[in-house]
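Chains: A, B, C and D, in written order; residue numbering restarts at 1 for each.
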């Protein structure tokens, strides 16, 4: 099957691994990620103000593309996903907002939230299925204690994201289990890493990322896995450095045995 | 209508938040990751907007410490959504002329080789107009 | 020549358990309200058939008010909820027919709200008086 | 044609002061149907009533109007007068010319004019009055109590004391309910078992009380005084009559790994079990989900060791049908699931527990035999954090209950106090939003926890609990100090909100008893009829009606019993005469009235009708049960064909009143 794919700015630059492995793994699992043409940056964060319209247009255009192709819109980057899903939710539930957006769109077309925005994890869980993935694992991550790090963007606001239980999420843990690894459950996995505030006040990022990493390490994790480039940056740069941080797709690629191919291709 | 009344109305409108729903439990502040860096804490944002005491908030550094991580929003028992109030007050500041917090000239100094673009665009969106 | 002040004719339906008792309390406390308001006792506000209200307007009433227990306090648990829904529909239909919304009202008056009853009646009477006589729906054959 | 009398009362000067009563009497004399009109100083006096009786006889009156005070005052008086003179009491109408006229207006002219209109309106109504006879129905002199907690037990004991037989239906193998699981009670700190178990024994020994444990109500038919109830007695695979409760089987059963629900899963029991030592009835029950014999046919240890021969693996569920005059719902409450509140790490750490779990941990008969230790490692905790309002007072999109659970402030004070008393080396923190302690000696109790026992009460809420190694890192706000604080606790106790038992909703449907949005039973009147359901003959006891502590539950239980006794002492029930009735010729059987009836008073029957061409046709028509109808009239307005009408407030009568008012 084919799905529409919104990579986002970071995946084209600093987080190329996240993007490359996402495509390879999806292909291996029978799904083609078709990149949307001329996509524009999502803006990184969703502005909650009710009168912020223009900042959300790039997300709406991406969603329109998915609707026109009658396919779900998949993102890997947690931030892009958060912005697009929240925008879609607002288009579906806030008539006033939708009206304003459609005035901006004008002759480009109209949109009322018909498309479905899903995260790569939802693609794995709900479309492909963890059982299928389990069957395709070539290099099980046996003996590896892996701490899933959700951060804030994947789960919250939970009413809108509808991804998982915001306080006790299981999707990444289930995936780790399917890949043969041993998930490590720790309380800080859904707390913020410090996010973009690293530009404003690196101390905040240091404090929060440190807390997350210490908690994961104290529960015996060998590594932390994340879907967000900024989380990875903060954990690596501002964490305690106790354990390595890897991208979710990288881990998946390793288990599915497509990671080497990628290296060969390079 | 006084200036502070107008300000309050503007904040309530842009945020879509009703501070009267607050029951003063303080769970927002209990869960806030930036609490110690803030002068005014999430529950104070809610209370001060309710009482119309908004100007001190606009002058406060607290506006730039919120991570928009939505922990306060998700865990609030009354669905008050304090983070949206912080955002509305911050927008009231940075939408004014000269209100930008982050200036493009200052950015190169803040970057390092690994910093993802995502951090930059997010910060620009949050701190500048 | 004596000029008589125009007094609108108003029918007030009061439920037996709350509003009728509220009206009694208004009387007990000697609170004034216009004499042109006449109360008809019903067991519950939900007993008021839209037909009764149409009949009142046909017979020359200038305003009709329905009083019941506060929502959640209905003696019959849910009667006033029916009233609220039925009357919302009826009043919008009446307004479509040209009977101003100000001529009709549903008000919740508890047995303890004598003062509210009197105040409501004074206010409603003044409101209807301001609109003048009701000509719509009125059946001239019913006029003396 | 009616022959109507009119009696205008002066009420001393109360009416006569602003109403010219003579003019009123004279004016009304000319109204249609009126054959007699008079005024008198006090119509409600004996002399006034005699005047009415004489007029009835002399003028052959078929009905009369009294222009006097509010019908809420003396309608009953004048109805009795009518009855004494041989007139149907429902042929009387009152024109309220005191509260609605003389007391409201000061001007004699205005007062008199209005009094005449009010009198005319009442006459217009009486002209259409018809004699009404209230129906009667017999009463089955036996009560059913659904739920065997402290509420159900108290209600049953009180009803039995008055001499009426009572059945208690309890789904669990024993009565006792939540109170049996509680360690101590506030504000007296006496042990719950010590005050509960004697009551359980009383219930068991009372020959008027039958305890149907391990049973469920599956169907309810009938109406007040005449309920017919189907009860399923679940197979317990032990003959209740023979089992002596010696407990040998529960020691020998090889299946040891069954989570013990009485201790909230904190320890295990056998597949054959007696929930706790003082269980009533004290007989064993086999848990079919775990019994090896029932699942595979191989074992039979319990049958072998039972000297009484009480084990019966072939037992089947038994369905019984019983008749009752009154039903009491006492289905109680449960703490809500802590699953959606995992910011407190309930699923992540064994040392995050609910308050009810703490009760079992502190109880001498609990999983730790009263040793107050952490569930994870069996060590004594030194720092304990209590979190109040978990899942209570939530609104909007959040995941809890909107109401205050009412009991948590007090039991938390109790827990904190008991721990500080027994283990003074323990530091106890309580995070609260508000401390709500209305109740006799309640606030004093809470203050003692703070002032005498040194419990740290902190105004604020816990935001996150992070299990780290040995301890639980509690991140919370201290609103008064305007600080975010971190406490490394050994144990975190969550005051979980309480909710009605899940069985309440289907039961309410069977009883046609109404419920609120939270699945608590609704009372007939929130202030004046708090222990009755709006459905006649159904009464409410305990926390199924709303969150309650033990003293409140017991008061309500006794109040419900008093109401039941008041019903059962009657040989016959006199119904409200002003009830709805359906004109079968007009009814089209659409069911609209049935749907709006709050009492379930309307049923449908297929009836045979003779058609003009002498054929017969069967049609479905509405029938109002006069014993159940309360006469609100909702159905009369809902009826699209106009078949439904309300006696005493008929469409024609009210129309006539409208006409008279508008004349």
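What we mean here is this: a contact is a pair of C-beta atoms (placed from the backbone, for glycine too) under 8 Å apart; a residue touches a chain by one contact, two chains touch by 3 or more.
For clarity, every value in this text was computed on a predicted model and none was experimentally measured.
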Exercise. Starting at chain A, how many touch steps does it take at minimum to reach chain B?
Worked result: 1
Problem set entry | Pair exhibiting more inter-chain C-beta contacts, C-D or B-D | C-D
Problem set entry | Mean-CA-position distance for chain C and chain B (Å) | 50
Exercise. Roughly how far is chain A from chain C, going centre to centre by Cα mean, in whole Å?
Worked result: 61
For this session: Starting from the mean Cα coordinates of chain C and chain D, work out the distance between those two points in Å.
Result: 34
Seminar exercise, completed: Expressed in whole Å, how far the mean CA point of chain B lies from that of chain D is 47
Exercise. Which chain C residues touch at least two other chains?
Worked result: none
Seminar exercise, completed: chain A residues touching 2+ other chains are 191
Exercise. Counting only residues that touch at least 2 other chains, which ones in chain D make the list?
Worked result: 343, 397, 464
For this session: All pairs of touching chains, please: list them by chain label.
Result: A-B, A-D, B-D, C-D
For this session: Going by the contact rule at the top, pick out the chain B residues touching chain A in the complex.
Result: 13-16, 33-34, 36-37, 64-65, 67-71, 73-74, 81, 83-84, 87-88, 91, 101-102, 107, 110, 112, 114-127
Exercise. Chain D touches which residues of chain B in the complex?
Worked result: 21, 23-32, 35-36, 41, 43-44, 71, 75-79
Exercise. Can you list the residues on chain D that touch chain A in the complex?
Worked result: 339-343, 345, 347-348, 397, 464-469
Exercise. Along chain D, where are the residues that touch chain C in the complex?
Worked result: 70-72, 96, 98-101, 103-106, 110-111, 113-114, 117-118, 121, 514, 522, 524-526, 534, 578, 596, 598, 630-634, 636-638, 646, 649, 651, 654-655, 657-659, 661-663
Problem set entry | chain D residues touching chain B - in the complex, by the definition given at the top | 343, 389, 393-398, 400, 433, 459-464, 475-477, 479, 482, 484
